[in-house]
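A, B, C, D and E label the chains in the order they appear, each numbered from 1.
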Amino acid sequence: MYRRPHVTVRGLTKRFGERTIYDNFNLDLPRGEFISIFGPNGCGKSTLMNLIAGLIPVDSGQILFDGQTIDEISFGYVFQNYRDALFPWMSAWDNIAYPLRFQKVSKKERDARVEELVCKFDVRINLKDYPYQMSGGQQQLVSIMRALIVKPEILFLDEPFSALDYEMTLSMRDQMQKVFMETGTTTLIVSHDLDEAVYLADRVLLLSRAPATVVDFPKVEVQRPRDAMTLADPEFNRIKGHCLDIFQREVRK
Amino acid sequence: ADKVVVGYSVGATALPYYVGVEQGIFEKHDLEIEGVKIVVNSNLQSALIANQIDAAAVMLAVEGMAANVIKPGSVNYISLNAQSSDYRMEQFVARPDAGVKELADFKGKKLVTSPGIGNMSVAVAALTAAGLNEGDYTLDQLDTAQHINVLTSGQHDGAFTLEPAATLMMHNGVAGLIKAGVVAEVVLGDPKADAYMAGGAISQAFLTERPDVAKRYKEAFDEAIDTIHAHPELAREALAKYTPTPPEIVNEVPLVKFTKLSDLTDVDIESFQKYIDFAVSIGTVAEPIDVKPFLAKF
Amino acid sequence: MKLKKLQKLRPLIGVFGLLAIWQLVVMGEIVDPVLLPPPGKTFVAAWDGLFGSGKLAFDFGKTVERSLMGIALAAAIGIPVGVVLGASEKVYRSVEFVIDFFRSTPASAVFPLFLLFFGVGDQTKIYIAAFGASLAIIFNTAYGVMNARKTRVLAARVMGAPAWQRMLVVLLESMPQTFIGLRTGATLALVLMITAEMLLGSVDGLGLRVFEEQQLFNMPAMYAAILLAGVLGYAINLSFFLLERTFVHWAGR
Amino acid sequence: MKLKKLQKLRPLIGVFGLLAIWQLVVMGEIVDPVLLPPPGKTFVAAWDGLFGSGKLAFDFGKTVERSLMGIALAAAIGIPVGVVLGASEKVYRSVEFVIDFFRSTPASAVFPLFLLFFGVGDQTKIYIAAFGASLAIIFNTAYGVMNARKTRVLAARVMGAPAWQRMLVVLLESMPQTFIGLRTGATLALVLMITAEMLLGSVDGLGLRVFEEQQLFNMPAMYAAILLAGVLGYAINLSFFLLERTFVHWAGR
Amino acid sequence: MYRRPHVTVRGLTKRFGERTIYDNFNLDLPRGEFISIFGPNGCGKSTLMNLIAGLIPVDSGQILFDGQTIDEISFGYVFQNYRDALFPWMSAWDNIAYPLRFQKVSKKERDARVEELVCKFDVRINLKDYPYQMSGGQQQLVSIMRALIVKPEILFLDEPFSALDYEMTLSMRDQMQKVFMETGTTTLIVSHDLDEAVYLADRVLLLSRAPATVVDFPKVEVQRPRDAMTLADPEFNRIKGHCLDIFQREVRK
């Protein structure tokens, strides 16, 4: 099945001072796919997401959204720096409900939506707390829920599970998959856990060290829903092995 | 030479001091003068009481006596300045187009006065004497330097103002004289009478601890006053140099009547006392006080 | 428990320290007690002026009233202008000259201008106080906004917050600094009000009291008025501090 | 390239805007041109005073000299005291009354006190400027320290940093706020210096010039002096800003 | 071999507002052991480390160090919130060298020590960069190096590898083990990766949900150095399974 690209990146160049992070970089992100980005520290994964979301300006090149301008697109975003992206003047609950404010949703329905999400995720946090009263993992969880409360056009997840505990990580992976299967939202995730990256992905975007290039962009043709059994699936393990090979080759360069 | 620290303001009333310095009179009396410019009279008064200066080139009578009520002997006069309709200082002026010829015409007009209870009381007393009641006019207090501004801009019709602002206004055609010698008339009943409102002063410590130097300082001051009377042109020269007086009016600005203590008659002293009694009556001097002890004796 | 209560009395240390030094200066005859009356005498004068025969209470009330009006006006203008200017550094740089210019010209030098534009009434004094205070508030708020971390503003943008909501985030982000601006501005408004009452001619107010008592060489009463001005300044600062503490609970977290 | 250069000229927008309004006010005869001379005349007066016959250049130099001494003194006292007070909120609460008290008493009311303590010389003006400025610096620095995040100070402590090194961290942490305090203080010092030159009597300085020209009803010259005061204030602010920008490169990151 | 405890926690109680995190908690940390802490989000792992390091005060109870006071002990600490604990005013290099300042080490030797560490870790970062110029993983790496540059008495690692890439994580684990084997420093690590926790540990501290209690504290009797083969070791897998069982039982409670 051919899908029209949702995001098209053409001739992207981005420098920080002397350092070139992207140099004439091209990429198509198909609509409705779940894409994992895998690459070494500092290769430009967070930068790429920021560029696509329009949070930092490109030096040159174009980022096009299939028939839409960037202002029409609603993003969901879990920042790598989740702590700094929460609003400390709001309770966790209000943080989660925040994006709903811009959707003409009544206070009552907002609360209902949060309630629903909380139940689904089996959250055991006192959501009346302010972010600075919460542990790192709890903050990250709130950040994830805030990104999922609306149905965004595109979902960016920058190492979203890095601070979650063992159990929560597993459960969030499956929640993520469920959300994706229900809504078909174009999703980008950065993860340093290869199991996780492949487990969740329709495609794995393998980036080289900066200036980043697409080393490979393999499809993960394993059926959904995936579960604990998937980890034993030969195709899954083939792709994982393939990614690991490429990654190690690229990193050691 | 003996050192004397003298605080001076920038008005024409400190003229004997300027002349004394310019004409080398202090030097002649073997005095080394260190001048300190202090423009606000109350600061001059504090400095005198705190012994930071030995003498004040000019000290308002009301403030000097107010200090003497609380700390007798802290301000001692070595000369007195009189003002009247001939020796103009305070006066009523009005904008030419305000249609004011005499005080009574201020009915329904907006007036501005130099700040302070003293100025306010005199102005009100004069206006009352002219038949105006409170409410017939408005009277705002405002720093004297601003009077020319509010008259020029038309926000006020007239002013109870001081020199050199009055001359400056008249010279610029902003206002014309309505009445001078106001204090003399209000307090002494005659605009030509001498109203003693200020004078040269020395501190208590200067007077008691270095009486001979103080005496010489007083003598030099007297000589400067004589010089002013004898050589007005020298006085005008000093005025131009020491006070911010526009050159075009430096020869017009009226001077007060500088009077040596030795020239004071009993009538003069009585006038001085009357003025202070008036100040007591309007509350600017806290208690009745006899002025004689504070005319320095050597 | 008891200790907690005692802690609330801590500010009294400063009060008593100041009084002690004052008393020592007078007793040690470092300055003439005629010029600087002892605290006791000053308190008697203040008491008399406030609750006895004097008009001090009335003048105090007038100054409070006018100052508060000036502060309110300054805050109403200064905070929004500061946020808007601070949000775009370019805009701020364009008008910085004007702000710094008027911040640096002494009030007594611009009094005449205010007289020309607004006349000599009470109004003018309020405008003067508001003008000076609003410059301080604009300056502080704008720099608070410029120095604030950008992460949360970006987060709001990516979640689709409209411009005014982003401004709100910016404002909240710079809240600690804005409060400092408010306190600086409020203090300045008070100072300007009293100075205007002293120099511009007034029929009431603490400034008039200071001026008149000085003319009368009534030092205890003069210092009583100055004392009240200082206490008023402290009270205004304290209210803003308490407001900040309840409101900006996240400061420093 | 060329655009970059043009950007540096941005502050001129404010300058010209101010001049334009000034010119319009004069041309529209909103106020009498005798009282508020047009910019052109004022510039001629300033030029004449600076490079021609007048003493304006000398007076300007004197005010700069004394103000800078006052500012230096205030910074030398204010920054360390502010850091120490801010480091312990308890200590700050104890002395807050004294600081707020003196911040709120108008300079013109405390001038007499300074005369009593420091005499009538030029020295006193420097002390007055330094006193006022140091209060502003202490206030801002202390609140900067109190509002700063504690994480880095804790990190320094756990790494064995001795007390003075921890103070240094605290100071650096509160640097943006401290610079605002410096700028507020410097501006205040300038204002106080000019006011003192006007009211306390001086033989030179911009304040004297304003005072004298006002007495002479020489409005262009008076506004020339005021203009110079404002420009001086902007220049001082600008230097602190440039200093901050090179030094506090991390602000807002 | 019986080792005297290095840290003894007795009757520790800690509350945040209404919430009790520790209630009469007791723990002995043996000297020279590598201890992994494993527990659900928000159970109090970071809080425990902060309490031991004296960064936050205990409500009641005692924390004793074998014969030493807390001031004598040098800690190495990688904060969970690594980003906020780096000094943005220093380059990465200076950040790493920072703890050496308090050890009377010359500038030259400091540089040599950093150089050595950089070589050992095969770091590919421009260490002249400031922290805010680095990616999340790079910042975390700098934070780890800063903790290891001195030979601390006790080393706290709060999720130290959470942002590192695949390759770097593996390499850092082994570096950590090497450092530990060379120096025998008492080390505490928090990790949500059970493989990692058991792989590194001499003992695994299993904590329950708050109020946290020690659910189990099993020894990991697998020989060092451990390597990829260890992951297949039956004892390793037995303990891992045991921990997982306990964890899941506790979490689901």
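The rule we apply is simple: a residue touches a chain if its C-beta (ideal position, glycine included) is under 8 Å from a C-beta of that chain, and two chains touch if they have at least 3 such contacts.
Computed from a predicted model, the values in this text were never measured in an experiment.
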item: Number of hops, subunit D to subunit E, where each hop joins two touching chains; value: 1
item: Neighbouring chains shared between subunit C and subunit E, ordered by label; value: A, D
item: Centroid comparison with subunit A (C-alpha atoms), farthest chain; value: B
item: Chain centre separation (subunit B, subunit D; CA means) in Å; value: 37
item: Inter-chain centre distance, subunit A versus subunit C - centres from mean C-alpha coordinates, in Å; value: 49
item: Subunit A-subunit E separation of Cα centroids, rounded to whole Å; value: 28
item: Junction residues of subunit A, two or more chains touched; value: 81, 84
item: Per-residue multi-chain contacts in subunit C, two or more chains; value: 31-32, 35, 112, 116, 149, 199, 214, 253
item: Residues of subunit B touching at least two other chains; value: 42, 46, 50, 149, 153
item: All touching chain pairs, where touch follows the definition stated at the start; value: A-C, A-E, B-C, B-D, C-D, D-E
item: Residues on subunit C engaged by subunit A in the complex (per definition of touch); value: 149, 151-152, 154-162, 165, 169, 172, 175, 248-250, 253
item: For the subunit E and subunit D complex, residues of the former touching the latter; value: 53, 55, 74-77, 79, 81, 84-89, 98-99, 101-102, 130, 132, 146, 150
item: Subunit B-touching residues of subunit D, taken from the complex the two chains share; value: 31-32, 34-35, 111-112, 115-116, 119-121, 198-203, 211-218
item: Complex contacts: residues of subunit E adjacent to subunit A; value: 16-17, 19, 38-42, 46, 80-81, 83-84, 124-126, 133-138, 141, 159, 162-169, 192-194, 209, 244, 247-248, 251
item: Of all residues in subunit B, those that touch subunit C in their complex; value: 42, 45-46, 49-50, 62-63, 66-67, 69-71, 74, 112, 115-118, 140-143, 146, 149-150, 153, 155, 283-286
